[in-house]
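Encoded as structure tokens, the structure appears first; notes follow it.
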Amino acid sequence: MYDGMYRQPVSRPDPGCIIILLDRSDSMKAPWAGTGASLAEGAALVLNNILLDLCITATKEVNAPVRHYFDVGVFGYGARVTTPDEGVESAFGGPLAGRGLVPLPELANNPLAVREEPSVDQMSVSAKIPIWVEPVRGYRTPMCEAIAVAGGHVFDWADAHPNSFPPIVINITDGMVTDSPYDGVALSEWVTRLTAIETRDGPTLFFNVFLSPTQAPEIIFPTNPAGLPAPGPDLFAMSSPLPHPMVENARADGLDVRPGARGLAFNVGRSTLLKILQIGTRVPDRSF
Amino acid sequence: MVVFYAPKQGNDEREWEDGAAGSCGDPSTGRNPRFAVADGATEAFGSARWAEQLVAGFVGLGQPDDCAEPPGLRRDAVHGWLELMQARWHQDPRAAGATDLERLKLARVGSFATLLGCELSGLDGPQPRWDAVALGDTVLFHVRNHDLVTQFPRIAAEEFGVNPDGVPTKPGGLSGAVDRLADDGGQLAAGDRLYLATDALAQWMVVAHQRGPRSLWNALATLDHPAKFRNLVADRRRADEMKNDDVTLMRVHLLATQPTHLVVCR
Amino acid sequence: MTQGRRVDRQLVILVITLLGGLLGGLLGGSIWTVALWQWVLMLLGGTVIGTGVAFFLLTADRPEAGRWSPQPERPAAPRSPEPPRPSWPAVPTPPASQTNRTRPAAQIGDRSEPEAYPPTESARITLPLPDGSAPPSNGTASRQWWAETPSAAAPSDRREPSALRPGPAPPPSSYDVESALIAQCPRCGEFRLDVSHVARAYAFRCRNESCGNSWSWTPGTPWPPVVVRRNLPGGPAPGKAEIERH
């Protein structure tokens, strides 16, 4: 299916692009089972950890600058902080507030804060880590608008980086879309528009992670939508198939990934969310 | 001895992360000639420093205050020496000024490098020989009259880069690594050459030897300028015959007489 | 013996032999009484035959003493200097004839050239080395006079190193690369070096801006141990401009 695609390693001449779409709807206030925190707090914790992981990967030596391996964006949809209403905005705070795609070295040097945070898996002790995203929730789920906003950034980025690994867009949500159709276009069509943006290495990848407040069985990288509760089948249809490097990453992490698996994780817990994001952002790195 | 090297294409000169060191020995102390090459892992932290520390320590050129003598080539001696190397790594004063991010990387990931070390002995006697130890896919080629006598370790072209062994900076992984330490040796003769190469170059050499051994070994024997080496590497990368990675080639030539010329590049 | 020096030697021998033949003919003419035409014939014939025999005897190939047998394989054909390949950054290559003849050899601290890495293939000095077994003696054809201490100068530890004048340095393709020692900085592995003579030794300075190591080496002794270090502190680390370029 992806013959000859998704092989370009990320490097400083050809960095990658990672965009997270983060649900900030009111339902994210629900407690995340087994974590002692809400879905919004848990998602922000995981996001900050994955951003830290990216910075660590790009750190090579004492007194050497963090390498520009990625441009990174996080867009929240639902409640907005800049204006008290519903919409889509950059989820970065502090020095990066309002910024779209941020080069990784700049991200590393400009956290919102550095503070003690609980560990994601609750197995290890808490640690002081940099924070870039704070939990926010309210209003509804304008997922179409989020994709429309992200698509503009993805288009400009792909135009400027034709040789790079294709953009990776990961949507984290706990509910159903509430703004479809947006601007007269249904959610599925917005996703089609987004994934039509491509580099020479292939089309944009769109992955989905569905959070559940209850401890329901996790479904990770399914090959068909059968048995998925709503909105699982719709998310399955919108999710890109996993490209080969990510299939290898997943198998290396002990996951059973079959041919044709989609980039969808359903009813995931907090530590699984981190694992999914790690798999989804670890691209070929032979030319680092 | 001469060492040619080139960073990964697209990287700065200073970002070459292999290691190479060689000493022609010291008759006054009885120290034999020693040569070592290492390949620092790209995804690790401080890989160049770790690779340099290993090769310099192996040939006896460690820090002046280093209490670690170069190791014997027995497994237990190498194990003890590597433990000392790990301890010294974690006390490296250059890491004192690390940022929080750098400390995190150091703690979570640490460093890792392949290593190949070689010692020559008996050069004044009737049976000169080489002995070597290796962890990972850095390779020694023993060549006589432009023909390959031994490749150590014996790695097929398709086996390079597949989870290579190596030396970690984290103490936990050391015992398992040393259990996989390989060793070999052979008789030497005047005129022989030993080539020590890191994986990208070594892989290409394995393939090129199969295609045309005399052409390969003659080309490598007559390299006398770093630009020639880099042109060779650039050509092979462009032809997709060599992986884009840091490359290192150490050439040790056993001359029966003193060299007749000194080449000083400008 | 290198090819260039052999041609010079042959030319000198030929001229001397020609003159010798001519002189012999003239002497013969003075000893025997012969007709003018016989004298001219004798003169010409003696010159030609004598020159031919001398040429043949003196210029036939002989195996050089002291080489290990079997002979190492030599490059198949003499190489003319290759056109410079693009390098980091591209630098113009000086013609080979100019490299060591018309320009005074660089002394330690000479920074007149723009630094470039890697250097182009023809940018090198190739210096014949003494055999190391004994100091070169005066009067032999292989005397390396540029390495000798002038008799008028008293030996002094504070003597300034003499500027390197390697004389008619052979082009790079003409020396036996397989018995050459390629100089490399012991501290960092750099190949770009400044070199000058001090008595029988060579004094080096590394031109890596982050190194600047100085050392000396005497032919016949081992080259100092080498550790390749490409990220020594003190030089410019890859800065923002470099990051943006890469």
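All chains are identified by letter, namely A, B and C, in their written order; residue positions are counted from 1 within each chain.
What we mean here is this: contacts are C-beta pairs under 8 Å (C-beta built on N, C-alpha and C of every residue); 3 or more make two chains touch, one makes a residue touch a chain.
In this text the structure is predicted, and so the values were computed from the model without any measurement.
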item	value
Central chain (by mean CA position)	B
From subunit A, the most remote chain by mean C-alpha position	C
Interchain centroid distance [CA atoms averaged], subunit A/subunit B, Å	41
Centroid spacing, where centroids are CA-atom means, of subunit A and subunit C in whole angstrom	65
Between subunit C and subunit B, distance of the C-alpha-averaged centres to the nearest whole Å	32
Touching two or more other chains - residue numbers and ranges from subunit B	10, 15, 48
Sites on subunit A at which at least two other chains make contact	12-13, 61, 63
Residues of subunit C engaged with two or more neighbouring chains	231, 237-238, 246
In the complex with subunit B, residue positions of subunit C that touch it	66-68, 70, 72-73, 75, 85, 87-88, 106, 113, 117-121, 123-129, 131-132, 172, 175-184, 189, 191-193, 195, 202, 204, 219-220, 222-223, 225-231, 235, 237-238, 242, 246
Subunit A contact footprint on subunit B (complex, rising order)	8, 10, 15, 42-43, 45-49, 94-95, 97-98, 100-102, 104-105, 108-109, 243-245
Contact set on subunit A toward subunit B in their complex	11-13, 52, 55-57, 59-63, 66, 108, 114, 128, 130, 285-288
Contacting residues of subunit B [partner subunit C, same complex]	1-3, 5, 7, 10-16, 18-25, 48, 52, 55-56, 59-61, 145-146, 190-191, 218, 221-222, 224-228, 230-231, 234, 248, 253, 255-266
